[in-house]
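After this come two complexes, each holding chain A, first together with chain B and then together with chain C.
Here is the complex of A and B:
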C-alpha cells in the first residue's frame, strides 16, 4: 500500500504546523485519500525547531508518525540539521535558500529558493511564508492536485486573507517547479 | 445528503462525540494534554443550551458532575494524569452512589506532574483501582480520531445504562493527532439514556433492586426526593452497616459490569487465526503494532494483533482462548508492564508474554516490535 510521509519543519511560530494540517486536509477531505497529521508539542513547539508530520495513503494508516521521510521541508538551518537524518533515498528536500546555508547531503533531490523573501517581497507579508512553502511542497510531492491543495488553503484561512494566501500558494507552487526544473 | 466531515484533533472529536451523545453539562479544570476537550465544550455547550463550568480544581469538577448528573444532566469532565489522581475520591463516590458520568483522561507521563507533554499509557491500572474499595470499572481506549468520537458516544450510553462512571482514555498521541472524521447523523449511533422511575415519588427508592441490578434513577427537581451518600446504603439510599445488605449491595454494584461484560467489551482481532505471535496493544501503540504485524507477515512471520477497545472489563476469556494456540505474546506499551501484567493474568501460563516498555515520552516504534518478534520467534 502506498504510504507517503512528509515533514514540515522550521522555527516555532513560522506556521509549519498549519502547513502540515492543510496538506493533510487537502489529501483527506479534498483528494479522497487518507491522512494523519501530528506535530511537535510542548516546549519545543514554542521556539527552537518545530515540526509537523503528515502521512498520506490510499488506505488505512496505522503508525501515525514518520518512519522514513519521503519529503522534508526545512525553513531553518536548525530544522535541517535536526530533522533530515531519516530522509529517504530518492526523497525530496525543500529548503529556504537564504536560511539553510549548509543543506544536508544525501541521495535525495534538493530544491531551494528564498521562501521567506518571496512571502515578504512578492506576496507582501512574511506571515504567509508557510503557504508559499506549502505550495512548493504540493508541487514537489505530487500527493494532492494543485486544485485540491488550493481549496484546502482557502478553507483554512480567514476570509479577509483569501487573495493573499492564494497568491502565496501560487507563487510557492510555481517557484518550486522552476527551481526543480 | 453528504455527511459532514472534518479534519480534527482527537480531543476535539471527544468533545463533539459528547455533544452527539446529548451531554449538557461539563465541569473541569484545564490540564495538558486534555485542554482542547474543555475548550471545545466551552464553545459548543452554550449553543445547545448546556452548561460549562471551569471549577476551582479537579475534585470540585468531579463533585459538580455528580450533582449535575443527579439533577438529570448527562455529564462530562476531561483531565490528565495528576487530575485523574485528584478526582479519585469523588469517582469512588459516583461508583457507590451509582451516578452516571463520563471522564476523559488523556494519558501523559507520570506519576505526579511527570512529563506533561509526553504520551503515555500508564494510567490504565489507575482507571480500575485508582479509587479505593471494590467497585465497577469501565474504561475505553480508542486508537483513532473517528473511534474517539464514537467511543465517547458509547461511553455516555454505558454510563447511563449501568449508572456508573465510565472513563475514556486516549493516549496523548491519539488525543492530539488529526484525522478525518465523518460525523454520524443523529440516530445513526445508538444513544441510551438512564431509565426514569415508573413509580410515583412516594413509592420511589433510588436503589430499588426489584427493577433489576440497575435501578431507575430519578432526577432531583422532578418531584422525587431521595438520600444520596458515600456510605454503604439501603434501597432507600440511607446508610446501613447491616452485613447482609452491605454484602449484597457491594456485589450488585460490581455485578452491573461483570454480568454485562459481553455488552461492554469490544476488541479487534487482526490476522489472529493462524498467528503464532500475538501482539496485544491498544491506543496509538496498536497502530505501531499493526504496522509491525504487516511487516512481519511480509517476512513470513505469522503475527497477529489483539487490540482491546474496551480495556476494562478486559476481554480475558477471548485472550485465554487465543493463548491456547499462541507461541508467544508481546505487549508493547507506553508504561512499565501494566498491560503485560493484565495479559499474563488471564492466559493461565499458556505462552510467554514479552514486553516492550516506553516511559520516555516516545511511542513504541514498529521496528522495535518487529525486532522483538524476530527475537522470540
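Here is the complex of A and C:
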C-alpha cells in the first residue's frame, strides 16, 4: 500500500495547519484517497517553529505520524534546521529562498523560490503565502492533481477571497515547476 | 503516564477542527502538557459527520489516534450514532439537546444542553457554537483550567471577535456545569 508523508513547516501564524488541512481534503474528498492531518504541541513545538503533517494513502492509515518524510516545506531557517533530519532519500525539500539561506544538504531534491514575496508582491497579500506554498507542494509531490487541489482550495476559503486564493495557488504551482525544471 | 482522549464531532463546517486545535493549545502552551490534534479523511469520514480528535498527556504521545475515548462531544444525531461506540466506561458524553434526540446509552455520564441555540440566541452568532461547545468540554473534562482555556480561545480568534468568543466560552462553561450538577 502506498503511503506518502508531507510536512509543512515554518513560523506559527503562517497558515500551515490550513495548508495541511487543504492537502488532506484534496487527497480524500477530491482524489478519492485517505488522509490524516495532524499537529503536535509539546516541548519540541515550543519556540518559533511550527509544523503540520499530512499522511496520504490508498488505504487505511494506522499510524498517523510522519515516520520518514517524503516532502518537506520549510518557510523559515529555523523550521528547515529543525524538521529536515528525517527527510527521505529521494524526497523533496521546498524552501522560501529569501528566508532559508542555509538549506540542509542531503540526497533529496531541493527547490526554492521566494514564497512570501510572491504572496506579498504578486498577489498583494502576505496572508496567502500558505496557499502559494500549497500550490508549489502540489506541483512537486504529484499526490493530487492540479485540478483537485484547486477545488480543495476554493472550497476552503471565504467567498470574498476566492480570486486571491486562486491566484496564489496558480503562482505557487507554476513557480515551483519553473524552479524545479 | 496519564493520557486523555477527546473527540469533537458534529457536521462539517461547525468549527470542530478549530475547537480541537484550541483544546490542544490550551493543554500545551498554557497548561504545560503535551497534545496532538488530528483529523482523518476517508471513507468513514464521508457523508455529513465530521470529527476532530485531541490527545493530552503529561509526556510524549507515541500513538496520536483515539483508542478509547474519554470525552465525546456530539453536535448532531449522526455524529452521536457514528462516534460513540468507543466511549469509555466512566467517560463523558456532551450532546446538543436539540439535535441529538436519541442519545446513545452506556456507562458514561451524559450531559446535554442546547449548544447551537445558546450561540444563536444568547451570543447572537451561530458561528461561535464551537466555542460554546469548547467551554462546555473544558468544564466537563477538567484537563485544562478555565483560565488557561480562555487564554487559548482569546489567542486564537481575530481581535474584532474577542468579546463574542469570550461570551460564548463563558456560557458554554457555565451551562455545562449547571446541566451536569
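Note that in this section the second predicted complex is superposed on the first by the 175 of 181 C-alpha atoms of A that agree within 3 Å, B and C clash if a C-alpha of one lies under 4 Å from a C-alpha of the other, contacts with A are read in each partner's own complex, and residues count from 1 in each chain.
Definition applied: a contact is a pair of C-beta atoms (placed from the backbone, for glycine too) under 8 Å apart; a residue touches a chain by one contact, two chains touch by 3 or more.
No experiment lies behind these values; they were computed from the predicted model shown.
Annotation for the three-chain superposition on chain A: chain B and chain C clash.
In the superposed model, A:36 lies in contact with both chain B and chain C. Once the two complexes are overlaid on the shared chain, A:67 sits against chain B while remaining clear of chain C. Using the contact criterion defined above for the overlaid structures, shared-chain residue A:154 touches neither chain B nor chain C, since it reaches no partner.
By the touch criterion defined above, A:28 reaches both chain B and chain C. After the shared chain A is superposed, the part of chain B among 153-161, 225-233 or 315-323 that runs into chain C is 153-161, by C-alpha clashes. Shared interface residues of chain A (contacting chain B in one complex, chain C in the other): 21, 24-25, 28-29, 34-39, 41-43, 61, 63-65.
For chain A in complex with chain B, the residues that touch the partner chain are 21, 24-25, 28-29, 34-39, 41-43, 61-65, 67. Those residues of chain B that touch chain A in the complex are listed here as 5-7, 32-33, 116-118, 172-173, 176-180, 284, 287-288, 290-291, 294, 363, 365-367. Within the complex, the chain C residues that touch chain A are 17, 21, 24-25, 27-29, 34-43, 45-46, 60-61, 63-65.
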